[in-house]
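Consider the two complexes below, in which subunit A is the common component and subunit B and subunit C are the respective partners.
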Partner chain A sequence: MTITINGKSCECEKGEFLLRIAERNGIEIPTLCHHDAVEGQGCCRLCIVETVTRGRSQIVVSCVYPVEKECEVFTDSEKVRRERGIILRLLEKRAPDSPEIRALCEKYDAPRIDRFVKADSGKCVMCGLCVKACAELSVGAISTVNRGVAKEIATPYHEPSSVCVGCGSCASICPTHAIEVKETKDTRIIWGKSFRLVRCRRCGAVIGTEQEIAMAAERAGQEADGLCSNCRQMRIADVFAGTYGN
Partner chain B sequence: MKKNIKVCCGTGCLANGSRLVAEEFERLAGEDALVECEIRRTGCNGFCENGPLVTIEPDHISYYRVRVKDVPEILEKTVKNGETVDRLLYKDDSGKPVRSQEENPFYAPQLKIALRNIGKINPADVDDYIATGGYEALKKALAMTPDEILDEMDASGLRGRGGAGFPTGTKWRTAAGYDVFPKYVACNGDEGDPGAFMDRSILEGDPHSVIEGMAVCALAIGAEEGFLYIRDEYALAVQNVRAAIRAAEERGFLGDSIMGSGRKLHLSVVRGGGAFVCGESTALMQSVEGKVGEPRAKYIRSVQRGLWDHPTVLNNVETLANVPYIIVHGGAEYAGIGTERSKGTKVFALVGKVKRTGLVEVPMGATLRHLIYDIGGGVQNNRPFKAVQTGGPSGGCIPASMLDLPVDFDTLKEYGAMMGSGGMIVMDDRSCMVEVARYYVQFLSGESCGKCTPCREGLKQMLAILTDICEGRGRMEDLDLLESLGETMQDSSLCALGKSAPNPVLSTLKYFREEYEAHIREHRCPAGVCKELTRFSVNPEKCAGCSACVRVCPTGAASGERKQPHRIDPEKCISCGSCREACRFGAIITKGRGEA
Partner chain C sequence: MQLSMEGINSILRQYPSEQRYCLAIMQDMQRQYNYIPREGMEALSEYLDCPLSSLYSMATFYKALSLKPKGKHIIKLCDGTACHIRGASPLKDGIRRILGINEDETTEDGLFSLELVNCLGSCALAPVLVVDETYYGKMTLEKLPGILSQYREEQS
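What follows is the complex of A and B.
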């Protein structure tokens, strides 16, 4: 089927998410909580767009909105600009230390709202990507805690987690770099817990934490080889070269 | 003739001591061979403020505020001799004692369908339910095809009583249309609106009607498993529903072969942990699955992908309680009640500053005036009516000029309020509408799940602005900001909680804007509620020197000689308003902080 986005015809499958269709057609829609690896969050609400279906206009959240009927989509209508501007300013007051949010406010020309109460500090926008990434890729060491305006992301009881392997998936997926990771030569500290880093036995690059490597080896069902991905590729290349000769 | 003594043992009456009353009846009746009676502990009669309620059948005599000491007299006079104990009868508006519930102005205009058995049967006794025609609908439904059941539901025009008003027949039919198994049937008993207790009352007082409704639904859609999600605070509801499920299984109404038909249905209770947002359908399902109770985007409906991504019908308690009636009497008969687009009856929890508070079931389309004045008896102490807040925390406030609006799913929405699940809080001229809006926003900011930005952050900012206005720091531009923030929350929040959270603010801004302006411009709370903006004093002309204010004042600010005009020391006064409530002469006056 075909829909139009900002006047441009776009081919799509029935049921496909609107954000994906826009991305494929080079139409930019801002988003914080969307990540291809962990879909379906739909919580930052930055990606709102206006759809008009048979003359009926509606604000929808494009990352989780499946296109079922032919419609016209406007990613930058007056209503979208106004409401997105308010959402951006709400996020800015929550995460005043985030340069990413400040940049988005400027890029999308969000009107200043000085009346809103600003948090003292912080970068987290509560998108929940870290929680989902940890649950799906790692061990589920962090979770949302409390509800309502008091909601936050934390380890159980704010104590160092007994299951965290220090893989840092949470920090690397965070759109506002809100999760603090401290690294020295041999250690990584994240969520208040210290991990010993393991280095590649061939080139000396950091592979990961001891616990993370043990977990990966257990899941894969084989011994860890102590190599970084680069050196592993080189070793495999050597094996191939030895087998097939020049 | 053997008398039937029904002692109300709903939560309200239990709190007023009805268990002791029931035990006293049982003890004395057991000792006296001349008393021939059966004592039955029933569910809630809905008139809780006048409890404990005792009804004697077949005489049709209802007593109110019955204490243990009244029991011997009731046995002697009414049960043995058929006489009434006049002091325990309800007095109507003219002060005349009324004998039966049918003559009581609170009950007379009501039409009970969802509440049909409550107060009449013992919820712990399945035979009581069967004796009133219970499980007839299930028997009938077993002989019908799923399509015939769905046709009957469509014909009834029943719409979801949880508030959204989605046509029940359509919901069931959609779920029936998916060939994905297993399917689930679920009951939403997570009633959380402040002041609302209709679902609680039904679950406690007539659990089998809900179970039977779920069983009919399961037959129609092809489900073999179901859940009743009940908030854990409703201990009696959880207990009665669990007992009812066991009893229904023992009698073969549930289990591996419903009434010998070979059709299966297993039901179980899931206790809610107390989060308001878990009343939202998708959050409820997350919670049933054991996950954090957060809603998901509803572009794909639960009837398609609900519990464990399987087709699920989730109905509200009251909706389900209507189902057996519809199957037995036919959809057409049910559709004869109510309005063009809202069929049947609706149960309201009528509370607040109204003379008669309680659970009220009336045909859809009854006006607010009928509910508040005819059934509720008007505003307490005959003070002026100011507003009625309908639809729970995310409903709206409706002013006096709209008292003649019919209450149904669609009308109130046009005016920025909603019928919702049926909460109805009446407010008089001593209610500050800004404070009311602030209260609800505060409630919701604690109860929002916190997942999406507009709801979580929007409520936080809204609360800060409203608190500023209530405390004299408001600015006129705040009103426009509240409106545009409200619009954003309505459009872009994830679930119905966030989408409707601005309603109390937007509706009060629409109908009581001058009250906001008085707070901001004049630093004055017209209702005399906002402490930071209100000074209390005594009008010496009206003060009779009765000392009522002196007795209730918590800080010793009110003082004076008896029969002499009293005074309030502004240094000690904390503006709590207790003196004003206590004064019978209207001598306590309020002024704004800035007023002379």
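What follows is the complex of A and C.
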């Protein structure tokens, strides 16, 4: 089927998410909590767009909105700009220390709103991407703790986690870089736990923490080769060259 | 109820090892011990093969679950609209004077915990105080010491 986004006609499958269709067609929609590796968050609400189906207009959250009927989509209509502006300002009050959100406010010209109370500090917007990334890609060491205004992301009992492997997936997926990672030459400290870093035996680049590599090796069912991805590619290329000659 | 691994395990064994039972098991622990001990959380995580973090998330989300030990007797003071207007706040101050605890706190002897609740549906009796399962309606500051000492005497 075909839908039009900002006047451009776009081919799509029935049930496909609107954000994905827009991305494929090079139409920009701002997002924070969306990541291809962990889909279906739908909580930052930044990716709202306006759809018009048979003359009926509505605001939908594009990252979790499956397209069922032919419709017209507007990603930057008056209505979208107004509502997105409010969402951005609310996010800014929640995470006043985040340069990413401040930049988005400027980029999308969010209106000044004084009636919202600003949080004292923080960069986290509580989207929960880190929690999902940890649960799905790693070990499930962190979660949301408490509720309402006291809600936060933390390890159980706020202690260094016994299961965390220090892979840093939580920090690298965070849209506002709210998770602190301290890295020196051979240690990484995250969530209050210190990990020893392992370097590539050929080029010396950091591959990961000892625990992370051990976990990956166990899951793959083979021994770790101690190489970074570049050097591994080079070694495989060497094998090919040796096999097939020049 | 004295905390023991056998006690915790016997709660766990009443349920199949499936994640959907985790809330029911935590409620049972809460009922048994008046809180969910850390040993219980860790045993549950192992029993269900479920990350401790997601159990901790649930335990801190629900108000009915507590991770800190609660007193032997739970005092629920209603602060719903009717009770509030009829003087729940002075009662709260009265309890603080007598027992030295604020809401969500437990006395040092472990005998009483105070919870503030939003409405018990007994507005005709406002202000209402509930100790364990017993309702005390039309509460006054004067009645307070008598009721509390009753529970204290029962102890000794």
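As a convention for this text, the second predicted complex is superposed on the first by the 246 of 246 C-alpha atoms of A that agree within 3 Å, B and C clash if a C-alpha of one lies under 4 Å from a C-alpha of the other, contacts with A are read in each partner's own complex, and residues count from 1 in each chain.
Keep this in mind: a contact is a pair of C-beta atoms (placed from the backbone, for glycine too) under 8 Å apart; a residue touches a chain by one contact, two chains touch by 3 or more.
This structure is a prediction, so every number in the text was calculated from the model and none was measured.
> Once the shared chain is lined up, is A:V125 touching subunit B (first), subunit C (second), both, or neither of them?
A:V125 sits against subunit B, while subunit C stays out of touch.
> Answer with first, second, both or neither: which of subunit B and subunit C does A:A220 touch in the superposed model?
Once the two structures are laid over each other on A, A:A220 reaches no partner at all.
> Given the superposition on chain A, which partner contacts more residues in subunit A: subunit B or subunit C?
Higher number of touched subunit A residues: B.
> Once chain A of both complexes is superposed, is A:L90 in touch with subunit B (first), subunit C (second), both, or neither?
After superposing on A, A:L90 lies in contact with subunit B but is clear of subunit C.
> Scan A:S143 for contacts with subunit B and subunit C and give back first, second, both or neither.
A:S143: touches subunit B and subunit C.
> Share the list of subunit A residues that count as touching for subunit B in one structure and for subunit C in the other.
In the superposed arrangement, which is not itself an observed complex, subunit A uses residues 143-144, 146-147 for both subunit B and subunit C.
> Per the contact definition, I'd like the list of subunit A residues that touch subunit C in the complex.
131, 134-135, 139-147, 155-157, 161-163
> In the complex, go through subunit B and note every residue touching subunit A.
These residues of subunit B touch subunit A: 275, 277, 292, 294, 296-297, 299-300, 444-454, 456-461, 463-465, 475, 477-478, 481, 484-485, 487-488, 491-494.
> Within their complex, state which residues of subunit A touch subunit B.
Touching subunit B from subunit A are residues 40, 42-46, 48, 59-61, 64-66, 79, 82-83, 86-87, 90-91, 93-94, 113, 115-117, 125-126, 128, 143-144, 146-151.
> For the complex, which residues does subunit C have touching subunit A?
38, 41, 51-57, 60-61
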